[in-house]
Amino acid sequence: MNQPVQTNQLNPYAIQLCALGRWIVQRQWLPFGSGLFSIRTSEHSALFTTADKDKSELSPADLLPYYWPTAAQTDPAKAIHQFLYQQSPQHKVVLQTHDLQATVFSRLIRADQHLFVGYELQNLVAVSDSQRQCCPLAILDPQNPEHLLQELQQRFEREALPHALLIRGHGLYVWADSIDSAKRYLETWQFLIACELERIKASCHFNS
Amino acid sequence: MNQPVQTNQLNPYAIQLCALGRWIVQRQWLPFGSGLFSIRTSEHSALFTTADKDKSELSPADLLPYYWPTAAQTDPAKAIHQFLYQQSPQHKVVLQTHDLQATVFSRLIRADQHLFVGYELQNLVAVSDSQRQCCPLAILDPQNPEHLLQELQQRFEREALPHALLIRGHGLYVWADSIDSAKRYLETWQFLIACELERIKASCHFNS
Amino acid sequence: MNQPVQTNQLNPYAIQLCALGRWIVQRQWLPFGSGLFSIRTSEHSALFTTADKDKSELSPADLLPYYWPTAAQTDPAKAIHQFLYQQSPQHKVVLQTHDLQATVFSRLIRADQHLFVGYELQNLVAVSDSQRQCCPLAILDPQNPEHLLQELQQRFEREALPHALLIRGHGLYVWADSIDSAKRYLETWQFLIACELERIKASCHFNS
Amino acid sequence: MNQPVQTNQLNPYAIQLCALGRWIVQRQWLPFGSGLFSIRTSEHSALFTTADKDKSELSPADLLPYYWPTAAQTDPAKAIHQFLYQQSPQHKVVLQTHDLQATVFSRLIRADQHLFVGYELQNLVAVSDSQRQCCPLAILDPQNPEHLLQELQQRFEREALPHALLIRGHGLYVWADSIDSAKRYLETWQFLIACELERIKASCHFNS
């Protein structure tokens, strides 16, 4: 059982994921011990961070192999990661973070998605021309993994999602085809969500 | 009298507490010279930080031994630390911090507690299954130590508190069975309080 | 074609611009891969940052030469940089940044400019005595480059602008006669915009 | 004329003041080139920072000697520093800073002072027992130096001020008998002002 650990030590992607963890914690997007990161290692496997590990102190040895299909996964966060990997072979990195703005935003918006309009930075996350004009961020309620996956399935069938979704009060999920892209999508979504939260809060004071 | 100081220099927990002080000050949760940290050294004693010492520059020699029972303690912060140590032998570290969000939150909420609902991170501080669904944060008014301790006694008899309480305008208290846990509870409560303050502030603008 | 790159490596202004990039990213005024910086190299040319490059990792080799007049420029950001260089030989540095406050502010203010009054720091950006009392920040809607340049032309003919303008949802532009001045104008405008956003938001709660 | 500069290089207080400048800029309480710091050198003289110098890069050679009484001082910031030194020989350090919260707070409060009540940290700045309960922060309008000094004189005759005052939109002034105390008063007032601004903003949403 030592082999996966030794392998990870030499896996450049595992090392990059640990570096990304430090960068994310530094920005205070991830309180101690929360969140879940993973990186694909094959068609049916990925390395996952362990629960309760401070993401600013990750080393490759803290990443554990995870294989699918599994029997019904009872941890919603792991179930979502697995779902995203199964959706497309292009999904190679998945990040779940907990920052103040995304958490508050997910609880204030009662609709099942929010449309972002008028920000130049939508261009950086859009997956279609129409999303450059109007970019939807899906917001799902926390629920048991079985129902959550059914709802996710419906969302992905309806339209391609722009690399992110929110679980109300339970974090922001971002996925990408590389660690660099994941970092970029995460930072862009943090920016867009923080702007939109502030804009809506302030808009009742202005223009009234 | 030099002996306690020399002992502290070799006490790994004292060194860890000083490191935690630097981490807390870095996040601006503790203006210069405010706050009180302590760490248990035996059934009836602990090391306390000295007043007015910048917590980003703590060294083990700045921690002074404190023994109980004492004659009536006139400093409310010290009285609360002593009370928490006397409640349970599992209480091994106590931190009092002053950050903007907790201070403002403690003054805005007029009830004697606030219930946190809908955050995944409640799991990290809950001490019972019901607190995972609905996690109460006690808020007490500042008062003389005698009345404060009576009220604290009543709160602890009513239910187990999730590792934290607020004194209105007088800081957040967090306790734990280790320095690592104290850091984790502190960070989680800072996150929950900041989210809830923002959520309540914003909720009148949304959904109206 | 290697020559420009080698030249940049020895160009002290290119090195300074890269250092300024790190400083700007550190303050989180520029999400990953967004923004455009440039520095004049002659009457009709400048070095421009490349799209998608993280501005915290700029090196002089990442700056590419750009010459004008060009055929109609289709990228609005580049068109604005070129316009500013053509306005005056004193314009030697241009920065486009995306920070939360300026982005939100640009979307909340519906007028085509906002007047800053009552801040001592207006003195640091004013280009006339009257601007020390009342300092206008122009706000333009995003539009195709042709219309944008027409509107910019009209703005500059109406009055001298105090080293900055906003494109609604598309960033803050700052220009100056040196890198040091650009840094100063940028920091001052960030301060003024953040203060004014907070002041307007809060003013409905106070004094009511 | 080289002598003062050389003297400053060996003046431990000048070196400490420069270190304090870096600490203040790091917290973003002082946009580039704004603010004025000084430290007393004798009954009738002090060292002043030069205008436009980035306070994060101060060296003792950037501090210039200033002697009083002077002919009528036309710079309001310098006039206030001189006034504070003349008030008491205990005033040995004066700092003027520009941070977002203090600037916005000074403009939102229309009264000529604001009373801070209910914060434990009032204890750290109070100069009398009554200020521990209710701590006044004076707020003056910017005006020409002559009128400003007359109004300051009246304020100081009315009561001892708790180490700080605000000029509306023109900065926070803090004074102390040492650099360590000045740092402490500055940090405490920044905390109190930020809390009170947030509390007043939020209070209309709560409890309504």
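For clarity, chains are labelled A, B, C and D in written order, and residue numbers in each chain start from 1.
Throughout what follows, contacts are C-beta pairs under 8 Å (C-beta built on N, C-alpha and C of every residue); 3 or more make two chains touch, one makes a residue touch a chain.
Just so we're on the same page, UniProt names per chain: A, B, C, D = Methylthioribulose-1-phosphate dehydratase.
Only a predicted model underlies this, so the values are computations on that prediction, with no experimental measurement involved.
The fewest steps needed to get from subunit A to subunit D, moving only between touching chains, is 2.
One rotation lays the C-alpha atoms of subunit B on subunit D, and its angle is 90 degrees to the nearest 5.
Comparing the centres of all chains, each the average of its CA atoms, the largest separation from subunit C belongs to B.
For the pair subunit A and subunit C, the distance between C-alpha centroids works out to 32 Å.
Looking at subunit D, residues 201, 203 sit in touch with two or more other chains.
Chain pairs that touch one another are A-B, A-C, B-D, C-D. Those residues of subunit D that touch subunit B in the complex are listed here as 27, 118-121, 124, 183-184, 187-188, 190-191, 194-195, 198-199, 201-203, 205-208.
Of all residues in subunit D, only 28, 31-34, 98, 100, 103-104, 107-110, 142, 167-171, 197, 200-201, 203-204 touch subunit C in the complex they form.
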